[in-house]
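In what follows, chain A forms one complex with chain B and a second complex with chain C.
Here is the complex of A and B:
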């Protein structure tokens, strides 16, 4: 492949644009882990739910002009799903004494993954859908970019900004930061951590739902479309460090960049391999991830 | 502010609290009554069950038998955050502060969590006042992990004072391992909140000089039971208390 400055710039821009969406996915995983101390293996299925709601909303209800309203509905819908599911499946882990919490969480969230996938097949069949988009090609300088892709990245940046505001400036954000640091101390300070768990779980899965809604016109809507998103999310967690919010953000951008550069300048069929090379490299140099502080107990 | 003790009701009453850990009886039929506005000391040799008693009263652990009432409200076995909301809070032997949050943010957590209705501005003003009383004002916006051990204990104690309708405050070994300057600041802070807000205190401590200064009445626990109650000098003169502290062979 010929090297040109234009190609390099375009590659970097598209890498960062997809990286923001990867970061959203990873942030959801890391955020849930930091509060609920549980890895949600069904994260990709909430991505899938978001994409289906987006398709239904755009195709049957609102039309492509109101794609942004559909995105808000999809995000709110996945938030609500998380808020309802958490007290049923995750809360029992803390509400009564349990011997092997990690095992329980793993089994329960994998069961949830299978349930949600099967539901998608039962309702929508194994077909691929694609919500219409009429966003025009956008020219970043001399470089053309798909409108839906630019819109997706822009919305993801806005969502990350909103998340930051909630965490830094609101009372819920303060309670979340305190609980992430010390659950027991937060509880004895009067914070209702069991209810906060549901909020945190819902915020985390809503990030996946938002990513699914934004990427639906680009990567299609089908029952297993969350699998790739989950894999990317966990690659980033390994790169950035579990439980680290900056790690999720920077890891996401880094993965987007590496994939984009590799695809453009080395060979495009190996797009997914570049990320794994990055993972292996990070594991050799910093086994806890770039921002990981401590090894998880037991 | 209502004057302390203008009406000497019962702030807290614990009856027949019992807790087993396997074969060990950590608390055996322990009872205590705190009068509104008093500062009570709770002393006893190591392993006497003082911390277990504190845990049972404040909801950290659920008793096997017995009951706890805060004012006229039954709180036995409730979740700690509900008990805190009702106005009974505790501090821990090891200061539990949120190291990544600033001193002010640390204080805002119990304020908001207790369902304060007066808004953030009132809470921030209250936090400033407490930080001033604890000589922590210059560190108000510093992360709590930059504080010394004694300063953390002050901050942790202040966190309880942030609850607007605080009635009973249980302090578990607040003076352990902190220097004498911080000790005096902490004593002044406690006495200030006692006289200005009429808050009732139960102070678990081994520091007899401080207990003598602060607590007109002390309760002595020995081997999971209440062994004596009275002024420090009265209980310190009792044969069974001396034996428990010094051991049978030494006595």
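Here is the complex of A and C:
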């Protein structure tokens, strides 16, 4: 095949756009972990919930012109779902003394994953759906892109910016950062960490819901559509470092670029393998991830 | 009621249970087993269609007096598309439910894994919509299939391409048994038949979220036609992104199975449907057997939509197994297998169903009629789609 500058530019643009969306997913996982100290294995199912809400809102209620309003509703709906679920499933780990919290969290969130998938099949049926979009094809330099994909990437960047502002400039953000650094110290300073856990969990899953809503016109709506996003999210937190917000951003972009460049310039069938090679490389060079911190355990 | 009368009534009931119930026990229903993907990560849409078809198959058989005068019941098991779950379901069907035949397979991996166990346990299996060669190519006596395997499927789009005098063909195939097998078979037929097609083959991972890099390579190749060998989400993504890069609708695309025949095609693609054709195994224009006509009528009544292939084929499996049992006059697996190998049966299609002991993948395999369908207007029903090509038997 012909390796041209145009193909290189197209590939880089394509990789960065996918990378931003990957980052959104990874950020949700890493954010929940940094606050609640729990890995949420059902993250992809919140992505799926966001995509279903987007479909129902656009197809049955609002129409394609108001896709952006549907995105806000989907994100809010997923936030609400997280806010309701956290006190029921996650809070008991902290409300009473418990050994092997990680094991409990793994079992509970995997059970949640299965429950949500089965509910999706029972309610929505096995078919694939797609929320309508009226966004035209947009040319990014030499690269034609679906309007929905450009909008998704743009909205993801805006969401990441808003997230940064909330974390850095608000009292809630300060409390979240304090809790992430030291739960006991934050609690001693008067922060209601159990309540904050619910907020953090809800924000984290809302990011997955936002990704699901934004990507629904491209990757469609069906019960297992969050599975790939979850795998990518976990790859990214290994690359960027578990609990690191900049790591999630840089890791997402790197993964998108590596997959895209590998597909275009090496061999197409091994798209996923390039990502895993990157993961292995990072594990060899920096086992805690590019932005991960070394932790000493007693 | 006096005491003597009561005792007489109890004695009469006891006698009834002792003497009359024995023939009823001998008339236990014949159980047909179904293993289909009914929950994720399996292909649940196809699984539901198989379930519908199998249930109507049992309804039909019972309406006609059952098999060998015995009622027919189904035991439907969920494989979730997982090999181990399918194998466990087969064991349960045979040992616990006493199923005499098992069908409904959609995932080739599940069908192949079950066959490895079935060859020891002996109860015959029938692949309803499994395409991989090894389902039948291993020549296990218990393994049967009623689905299009790679050679006729590839021959259908090769014939369609030749009919249109196209020369340059891009194949975009997922890296699964299904995708790799079909891509290789297409190249083989081009080479063996000296067809002179220039073929560009690009493989992709089926979990991909972006086919733009591959489609840009295809665009640079300037093909006359694209063969879309994706299953589920990648198939739809390829149609969407081929529109984005400007390949569709000018360059014609054929999908490797009948996904566009489902009503969801219009919901998913809306105005971006032009230039897409699809391999189909059934069209309402196809000639049906009397059984097929019964099914089509009942299916429309029950589900308020025209029948689709997956459901038809599951129905066909149920009635073919029933005819084999009638022919063998027994549910003994060996007798049934001999009946299947030597008999000619009526399924849903007007084409008789036979399972010859042929070579390679054609062992115990009946292939449905194959055709290429093309929509000519938006929101068209599959019955109104144009039959662009039909593979000669």
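Please note the rule applied: the second predicted complex is superposed on the first by the 293 of 298 C-alpha atoms of A that agree within 3 Å, B and C clash if a C-alpha of one lies under 4 Å from a C-alpha of the other, contacts with A are read in each partner's own complex, and residues count from 1 in each chain.
Just so it is clear, a contact is a pair of C-beta atoms (placed from the backbone, for glycine too) under 8 Å apart; a residue touches a chain by one contact, two chains touch by 3 or more.
All figures in this text were calculated on a predicted structure; none of them were measured in a lab.
**Student:** If we overlay the two complexes on their shared chain A, which of chain B and chain C does A:266 touch? Say first, second, both or neither.
**Tutor:** neither
**Student:** Looking at A:177 after the superposition, I want to know if it touches chain B, chain C, both of them or none. Which is it: first, second, both, neither?
**Tutor:** In the superposition, A:177 touches chain B alone.
**Student:** Taking the superposition as given, does A:191 touch the first partner, chain B, the second, chain C, both, or neither?
**Tutor:** In the superposition, A:191 contacts chain B only.
**Student:** Give the label of whichever partner, chain B or chain C, reaches more residues of chain A.
**Tutor:** Of chain B and chain C, the partner in contact with more residues of chain A is C.
**Student:** Could you list, by residue number, the parts of chain B that touch chain A in their complex?
**Tutor:** 58, 60, 79-81, 84-85, 89-90, 92, 96-101, 105, 108-110, 112-114, 120, 159, 163
**Student:** For a test of understanding, state which residues of chain A touch chain B in their complex under the given definition.
**Tutor:** 171, 174-175, 177-178, 181-182, 184-193
**Student:** Which bits of chain C are touching chain A when the two form their complex?
**Tutor:** 39-41, 44-45, 47-48, 175, 202-205, 207-210, 212-214, 216-217, 220, 232-233, 236-237, 240-241, 244-246, 262, 264, 267-270
**Student:** Could you please specify the touching residues of chain A with respect to chain C in the complex?
**Tutor:** Residues of chain A touching chain C: 1-2, 7, 10-11, 14, 18, 59, 117-118, 121, 125-130, 132, 137, 143-146, 218-220, 222-225, 227-228, 231, 260, 263-264, 268-272.
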